[in-house]
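The structure appears right after this line, and notes come after that.
Letters A, B, C and D mark the chains in the order given here, with residues in each chain numbered from 1 onward.
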Amino acid sequence: MRNKRIISFESDYTEGACEQILRKMLETNMEQLSGYGTDTYCEQAKKKIKAACECPDAEVFLLVGGTQTNAIVISSMLSQYEGVVAAKSGHINVHEAGAIEYTGHKVMEIDETEGKINADDLDSYMRKFYNDENHEHMVFPGMVYISYPTEYGTLYSKEELKSISEVCKKYNLPLYIDGARLGYGLMSKQSDITLPELATLCDVFYIGGTKVGALMGEAVVFTKNNTPLHFTTCIKQHSGLLAKGRILGIQFDTLFTDNLYFEISSHAIEMAEKIKKAFIDKNYELYIDSPTNQQFIILDKDKYDYLRNKVKFSFWEKLPDDRIVVRFATSWATKEEDVEELISIL
Amino acid sequence: MRNKRIISFESDYTEGACEQILRKMLETNMEQLSGYGTDTYCEQAKKKIKAACECPDAEVFLLVGGTQTNAIVISSMLSQYEGVVAAKSGHINVHEAGAIEYTGHKVMEIDETEGKINADDLDSYMRKFYNDENHEHMVFPGMVYISYPTEYGTLYSKEELKSISEVCKKYNLPLYIDGARLGYGLMSKQSDITLPELATLCDVFYIGGTKVGALMGEAVVFTKNNTPLHFTTCIKQHSGLLAKGRILGIQFDTLFTDNLYFEISSHAIEMAEKIKKAFIDKNYELYIDSPTNQQFIILDKDKYDYLRNKVKFSFWEKLPDDRIVVRFATSWATKEEDVEELISIL
Amino acid sequence: MRNKRIISFESDYTEGACEQILRKMLETNMEQLSGYGTDTYCEQAKKKIKAACECPDAEVFLLVGGTQTNAIVISSMLSQYEGVVAAKSGHINVHEAGAIEYTGHKVMEIDETEGKINADDLDSYMRKFYNDENHEHMVFPGMVYISYPTEYGTLYSKEELKSISEVCKKYNLPLYIDGARLGYGLMSKQSDITLPELATLCDVFYIGGTKVGALMGEAVVFTKNNTPLHFTTCIKQHSGLLAKGRILGIQFDTLFTDNLYFEISSHAIEMAEKIKKAFIDKNYELYIDSPTNQQFIILDKDKYDYLRNKVKFSFWEKLPDDRIVVRFATSWATKEEDVEELISIL
Amino acid sequence: MRNKRIISFESDYTEGACEQILRKMLETNMEQLSGYGTDTYCEQAKKKIKAACECPDAEVFLLVGGTQTNAIVISSMLSQYEGVVAAKSGHINVHEAGAIEYTGHKVMEIDETEGKINADDLDSYMRKFYNDENHEHMVFPGMVYISYPTEYGTLYSKEELKSISEVCKKYNLPLYIDGARLGYGLMSKQSDITLPELATLCDVFYIGGTKVGALMGEAVVFTKNNTPLHFTTCIKQHSGLLAKGRILGIQFDTLFTDNLYFEISSHAIEMAEKIKKAFIDKNYELYIDSPTNQQFIILDKDKYDYLRNKVKFSFWEKLPDDRIVVRFATSWATKEEDVEELISIL
């Protein structure tokens, strides 16, 4: 009986992968391919990603996961005496178990609002650093990390990104965008930026696969002829080089064929919008007005207990008034019927 | 035309994965499962692995790749002032781009013969260390790393493993066995050891998936109630925690169902034995008398050029007399017809 | 002409060392002593420090500098998955160029007031950590770092230290006290704690020499039979082991003979109190009401320029209203006549 | 009674420092100087060292100890994916408790003879590395470390250094010379090289103070406008920045005034030559024919026990035939009367 299954909006990584990907894997399974990302599927994937970014000179690397990508990109671009500036709530600062510090570098917190830093704060942070007579005894800010969308599902506007990008240029700081959920950001109705524009505004970013249709995998794009020297060796040193690189190649090749990456992202956005509208219509309070696939809702204890029995979602945090913030996430895999069932429950 | 394809014995990671694995992935693809290795497939896989090891109290962790597994296990088990003892030719010492040193620990080389260290050398290494009046100024040997099979495809006998294990106990050194190709070792005709015996003789080892039928994945087994504290956090810190842990769970669950892991390993061994016999019959010189899936052959320049045009294999090294050592590898995926074609070429 | 010399209150490390120390060095200079801290002066120094701490079972190590001591103690006591909790303004978080992160560990900031953290904040920080469902993906708080006196010259009361110590015990966190200026803290009129009491309340602390009468040197005291294993090797690994350990031994032996360390500290406090009284009498505004050897004063631009020409002091920071915070520091070496000259200038 | 004192040739760090240094410290003790190496004594010391090197564009940094200097210089000059090539017996590879690996870099051993590597071995090591098809999976050799004199007191000839230097240039590897005992090398009768010549042949080296007349301190000289960016911050990050930098400045200023460094080094060499001659005359067997201040002698058990009661020296190692290699070291502080007493004992 179908009813036995409890519907879930717990996260955007509860299912496997787009069926196209698995079919392609099966189809190519017995092809004998060279290892470590030197196969034709990796090559094709990179070509398609560069085309999608309208950045033919970009260099693309296919890595396994988000924390890994952050650790490798950040540690490879920083000098020993440098740290990475990030929002206090940034993923690297909170939920990666100190993976950046493990590479020897400080995560330098700056304040954020709903997950976003702003250009003025960054500028004054940098000014303050250089004005400090003692700054030679301090970690040098060596790059800036932001995410699109942020931890709270919010988005920077094009104007905001431009301003941050300008401050970065002023202080010669590479700008790195964590795109673990990039598709869901770009396909949001609130987004006023395209992938090629994003590629222009930063120095390096990654296109998240794990949460957007792939089994796993993130595609790092260096956009300014700025790939760190011997980057493949750095990847190996950080345990990020898969022997069967084909798995990543096939996945990104598939995702960047016939616009698949963007279509599945759009689907997740549509589902999220539906859910959000229902929450609003039924007088739920939004914790954050998120334009992407993660919706944050405030529940009182009763409502929380009630919903908890009907549907899976994530606990986010407890507010000082004891109400509970929860997260409902959609994804490429979200079924319309599950959304409707959810709405009927609310 | 089939003939267009050039047959390849280049490595044991040229194909994808056992079809059973891919089918299972497709079949379970839309199941909504919890992340980070907490799903039922991971649970089942671990249960089956513990049963195969006849070690119900073991703790099993599913990681992504070999270098990653080595870096995580070794750095988590060592104290800050300790290093890991390994054969000069050990994978961690040569072909992992310094991943161990990157975690702050020295790889302490000892001599080897055909990839194997021996108990006496280890014992005298340890004795020498403790006899050195200055040993407080030296890296402390903190664990021993060996591989089964070794880099050269060779195998330790049960006696040899026992002796090494005893020296390790004498000096209170955990013994860690890298089993990247464990199946090919255990299924070798030369092997006189079973998986449960191996589990007993060491403190921690891993069962290689990447080279033995999986897309990727290695199963770490702590056999002595000796899992490092908060090991999951260590895995996360080293970027080894997949959001969709199911991918690893499904693979090892499949591999350890109906003896699959051992059957596909046996197949690779049979194919390798056939090739080896052919080489011997046709008066090729073996570089090493390998009992496993990697065969090392010495070729003179003419023969090398001749074969190079007919079949793919790996360059291994050049000998002082300018002859060339090459490697032919079989695997779970090797086709009997390819082996026959190879033999006809020799 | 004496007047040519401009008087200085720039820092507490502008002079060399207590003359008794230099005389003792000269006197013992040609004695042939064993190296690396195994000499009789080191032994005597440790004995005297343990006696001063009334902690006969303590283990004492003599290191070279403060940043070094922090890096060695913290990295040796933390597990790989742990970080150190510190005030946002803590020395390790701001002015040690990322030395802690370089050892792979996160500095986990908590809020502070005038350099001091409080027990309640620490408790709720810890509660929040363990309540987070995702805390296995986060750095574990592994020890607490405070300083006595703090960066702003302020002091914890005995009650405050006890409360922090209790929270630490509750969560099984070692408490580490950075005593770079410990003498100036203990000898402050506001201090309600003795050295033995401080030793009881924490798990490890250091007695600062560099800023309190020595050429350089800090004495680490482990008070709970909790010295990390092979700590001497850790010191060596972190480049903290002096071949001529005697230099540290002689200095601490001298400082802890006939109460010297405390007497010179008292002198600095007296000088600081005199200066502070003069500032107050002459209607200067204190930035912080510091009870120790560092006095923080707010100056408007005119006063700043006027004083700048007459006396040396440290720029601390610019306030939003453009007034300037400056620091006047006294030390064991401060001459009463210089204090009087300063007062006449104000 | 003087006779109570047992004479010692245990090491070259058994005494304090040249009396001139201590006198200068006393004389300047109450001068108020700026911290962290920005004082006039540091400035003068650096000027004099550059003059002695005939290298006016060199950049000089004064650090505390040898292990520290090696860790800071090497980690600052290497990229993340690089290691340092050193003799198997090199100090960084054996007796620094893994300080280099702790910074994340591999020490890449090559063979040595009496502590010396040779240019041909280095060249073939590099050729082999670049010929390896897998070298992207290996640590890149990023600099070469040698010592002058070596661990065994031996010296490279000018020709040998030139050849090594040429191989380094060929592969674009900086050459770093550890000069912990540089004075004793340059003043050896066997030395055919001057300080300015040595400065020309390498990219960076250090002039050892700890073992040559100073309380502690090593002067790093970058000779090719190649100081790593923000090197002071790197020093701070590695805990190598003394608040009272004057201690290092005064010492090197003194040592490089009136040729003192070279004169005291010559004295040690004269004393060593005397001892060596006596050993030879009395038919002792030299383990190594050392031209510097360390003399390595082979003793049988009886002789060892006999001497052990009369004079202090260092145990070096036990030979397979059970005879014992011991070391007698002279230094700037060795008294002629002690040498004579030793000779009378032999």
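Heads up, the rule we're going with is that a residue touches a chain if its C-beta (ideal position, glycine included) is under 8 Å from a C-beta of that chain, and two chains touch if they have at least 3 such contacts.
Not measured: the values here are computed from a predicted model.
When each chain is reduced to the average of its Cα atoms, D sits farthest from subunit A.
Between A-C and B-C, more C-beta contact pairs are found at A-C. Once the centre of each chain is set as its mean CA position, subunit A and subunit C turn out to be 42 Å apart. With centres taken as mean Cα positions, subunit D sits 33 Å from subunit C. Subunit B and subunit C have Cα centroids separated by 50 Å. Residue positions of subunit A touching 2 or more other chains: 80-81, 96-98, 102, 104, 136-138, 233-234, 236-237, 241. Residues 8, 10-11, 13-17, 19, 22-23, 25-26, 28-35, 64-68, 71-72, 96-99, 102, 210-211, 215-216, 233-234, 236-244, 246-247, 312, 333 of subunit D are the ones that touch subunit C when the two sit in their complex. The part of subunit A that touches subunit C in the complex is made up of residues 80-81, 83, 94-98, 101-107, 109, 131, 133-134, 136-139, 315, 318. On subunit C, the positions that touch subunit B within their shared complex are 36, 75-76, 79-81, 104, 136-140, 229-230, 232-234, 236-237, 241.
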